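Please find the structures below.
Presented sequentially are two complexes of chain A, the first with chain B as partner and the second with chain C.
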Partner chain A sequence: MTAPLLDVHNLVVRYKPRGLFAAAAKPAVDRVSLSLPAGSTLGVVGESGSGKSSLLRAVLRLVPVESGSITLDGQDWLAAHGPALRRARHSIGFVAQNPFLSLSPRLTIAQILAEPLLARGDKPGAAMQDRIAVLLSRCGLPPDFLPRRARELSGGQAQRVAIARALALSPRLLVLDEPTSALDVSVQAQILNLLMDLKADFGLSMLFVTHNLKVVAHIADQLMVMRQGSVVESGATERIMSAAEQLYTQELMGFGRRAQKSAPTS
Partner chain B sequence: MSALARRLGYGGTLCLAVIVTFALLALFAPWLAPYPDQGMGTPNVIAKLKPPSADFWLGTDHLGRDVLSRVIFGARVSMSAGLLIVAFSLLIGLPVGLLAGYFGGWADEALMRVTDVFLAFPALLLAVLLAAALGPGLLNSIVAVAVTWWPWYARMARAEVLVLRGQPYVEAASVMGVSQGRILIRHILPGAARPLLVQAALDVGPALLTASSLSFLGLGILPPTADWGKMVDEGRKFFPDRWWVSAAPGIAIFLLALAFSVLGDALRDREGDKRRDAA
Partner chain C sequence: MRCATVKGTSAVTLLDLQGLSVTIPSPAGPVRAVRSIDLRIAKGEIHGLIGESGCGKTMTGMALLGLTPAGAQVAARVFQFDGIDLSTSAAVLRGRRIALISQDPAAALNPVLTIGRQMDNVLRTHSPHSEADRRAGAVALLAATGLPDADKLMTSYPHQLSGGMQQRVVIAQALATGADFLIADEPTTALDVAVGAQVLALLRQLVADRGLTILMITHDMDVVAAVCDRATVLYAGLSVETGPASAILTCPRHPYAAALLAALPDAAPHGQRLAAIDGQIPPSTKPISGCAFAPRCPAAMTLCHTVSPPVRVQGDHLWACHLAEGAP
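Let's look at the complex of A and B:
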């Protein structure tokens, strides 16, 4: 096997305690290691407060890392700063939970999709507009969405735009933060299918963070279960789904089932 | 036009009409004033301090000049003073607030402490001191008022940026590798600008009041140029016997300041509606 695309080793993320005499906070992410081979999908699962979002934000360089290392494509990802970091970020695509919050409310879809291309230094013009239209159609939306604004779209449509934006610079790694949690169940399946198609087409690797084990089992090759900042269990998806070693993982699976049954039909 | 009127409501539309009327008077003063040369300052001593009549609708002042013409020409000074004070204040306050709010840390501390120093002085007192130091003149009095005005915009811009900075779409832009300058201008500024512009519209009235106060105190534009604040001051000596000399420009100040305030209110209500809809 070749070197992993993303390699996280003994990562610790700790938020600063508030107040002069406050005790040092427990780390939000406590010595987590993971390795994501190129072309595969790792699902990170945990309930809220498990540290999965902090892990993701550390990988995106949105929160400072206390110790440990992150290697992206053989490069020390934590060493990049300033303009170098800005350039390096082009190789990671990010899809957030709520598309209506993560798409700028005052820009049109065309403008939103142009942003990453302009950030890379592409020249605006007809070629860029074509590229944007192609990008959007790859994500299942016709070009007549381009002049619209995010609030005129449905949740699923908006999330497709967010995915198109994440893929604009042909990143090798796609980081997804609960990309289906704000959507209803039928749309969730569509988005998951879209992601699987795109993954095959673009040769993507995905880091998929969610609280929903059902969703992630559908799409991930590997699973990692987190609780209170630490990894509880990790391994191939089939093994964990069929024979989880840890009680907590089993609980988490039961959780999903129960929630599914008792979910109100709205 | 009717859509705008519906949005602004009855009062807002009326105020807009008042402002537009004053703007047109200011713009076309040489053609609209009955005695343009007197409006610009030529004395006419044979007819001094005449009460309102068919010849002089609002009477004449101590140099025999037609008060109506003076009020019409004075609209030029007051309008531009009000608008320029707010424009200058935005020009300083908006960038300061944006930078302080966005970069935080020591930049925030430094910029906001400087802002606090300006806020520490009573606004009119500081303006009077500055105007006295700079010497009389329209531009000087505008600068003097703007210096006391911008800290409010800086604070407001900072507060808006602090809210917007944490928005997921701003975070998404930074994760995409968009430069900080572009994030600030393209993703944060449009959201922050709108409430600030509403506040600016609301402030034109008080700004032109302050400018008029300065020229009332003799620190504004120099005679013989017509200025409402100055005219009220000149008429003071003849009040209340020859009330029209002070009353006409006084009422003009009152009307225009009121119109800007009510229009700003109408705009703010509309903005409030929008925010509720978006939530």
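Let's look at the complex of A and C:
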């Protein structure tokens, strides 16, 4: 049994109260524990304000952690600082909900994909151009997109670029915050297919956050349901989808859809 | 035949819309926001208007409300609401018989006025009653939308309410106008799942109790399954299929409607590839020759690219396709 890639134990994240005399805020993440084995996908589901993004931000070391521990690849992730933190961050790729906000509109796709490589200190040149073209094609876009700009792309194409950028430094962990929530159903299907392919090809681990239980249930090995900062229920996806223990989880499954799709027998 | 044919109903038609088009001038040339939409809605029905973003759902609703953007050209062969010609009377019927429930209730309410004042502003223009009677009426309408402590709520401001409660206030306002036809444009999209389910249950109940008719604009098949009696599927500003909601969800005939349902994450077994639709919607600035879905349709034939598809009819299920039997 190998150690998990990511191990979170009793994590508490609390934002500063807004006013000078305001009472201490409730924790945004309240004693959350999770364990993500290498090569597996954990879906984190909850309604808005349940603390999903705060949990991701803590894993990305973008917000201070009040208490608890995060172990990444066997290392105490909260102890990393300075250049070591910056280096170690490369092992995590991040994809946000709205690609048009996360991709600079002025840069070409080639420049967007080069950014993380240059930031790491890679030398620009033919090798880098090759790497960029491979990344983009791996995410389903032909090389003629390289000179184009993000604002010329459709939502699905832009999200493919954002995923390619997140993979630029060959991370082992991909962290996704509502990556399909701004997309239409047909495009959502393309992106979910891409994520399943990438997971199979690169042995990626994924932490996939969404308010849409059905979307993440399709690709996650395990699910974790959050409400008001706490974990309501967690376990294997099949178990939760077939026999959710909590009424709240059942509510998240939606409005009792739907009559079985009849098998075509023409 | 794969699916049972449902017999046509003899219900009274409230809305009859044929060949609606909305064209908006733009620097890049005219935008065909709505190319040709047919919509027939019976009294007392919840009719789903389904499709992906940009297909013309909201603009169709705006045309019914007489709220298309300045300069837009609205045309239709038939544009009738309860026997009244909407092409000349949409603005008159809005706020009397036709009301809008939008996605964002916070934006629909006035942030600086109490709920009571906003309700009264509506009631005052619609009824000759005394102030005390109007107040009682407002409280009754708020209570009818399931809001607790409607009396106390009258002195609250919108920001003091949750999104679900705000949406109920918007519905109460629509009822206050006396409207019998509601255009609900993605009314639950901004709400949490359980709250959205409650709002849908409320709308369903209002249809039963007050004989309302609702056009339910949505991209969410769960919403269609939960509350719609019938539905119309749009693609690129065209109505491509219409019929009983259950028939469309379980037995879609138009290849686009079939593809849209097949792309849902719960349409494939766990972890298996989803049936994504390749390609993109045709740009709304370009005219379309033949079938609009032809460049993406897995069943497309040569003539699909040049010849407009005929309308196929099976009972009260209609679709526009060169395939006589519909989606394979």
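We adopt the following convention: the second predicted complex is superposed on the first by the 254 of 266 C-alpha atoms of A that agree within 3 Å, B and C clash if a C-alpha of one lies under 4 Å from a C-alpha of the other, contacts with A are read in each partner's own complex, and residues count from 1 in each chain.
In this text, contacts are C-beta pairs under 8 Å (C-beta built on N, C-alpha and C of every residue); 3 or more make two chains touch, one makes a residue touch a chain.
All values reported here derive from a predicted model rather than from experimental measurement.
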item	value
Touching partner for A:240 - first (chain B), second (chain C), both, neither	neither
Touched partner set for A:173, first chain B, second chain C, both or neither	neither
Partner chain in contact with A:13 - chain B first, chain C second, else both or neither	neither
Which of chain B and chain C A:154 touches, first, second, both or neither	second
Which of chain B and chain C A:189 touches, first, second, both or neither	second
Touched partner set for A:70, first chain B, second chain C, both or neither	neither
Common interface residues of chain A - those touching chain B in one complex and chain C in the other	none
Residue numbers on chain B that touch chain A, as the complex places them	167-169, 171-179, 182, 186-187, 190-191, 278
Residues of chain C touching chain A in the complex	1-3, 52-53, 192-194, 196-197, 200, 219, 221-223, 225-226, 246, 249-251, 259-261, 263-268, 270-271, 273-278, 280, 325, 328
Contact set on chain A toward chain C in their complex	47-48, 154, 184-190, 192-193, 196, 211, 214-215, 217-219, 237-238, 241, 251-252, 254-262, 264-266
For the chain A and chain B complex, residues of the former touching the latter	60, 62, 85-90, 92, 94, 96-98, 101-107, 115-116, 118-120, 151, 162, 165, 169
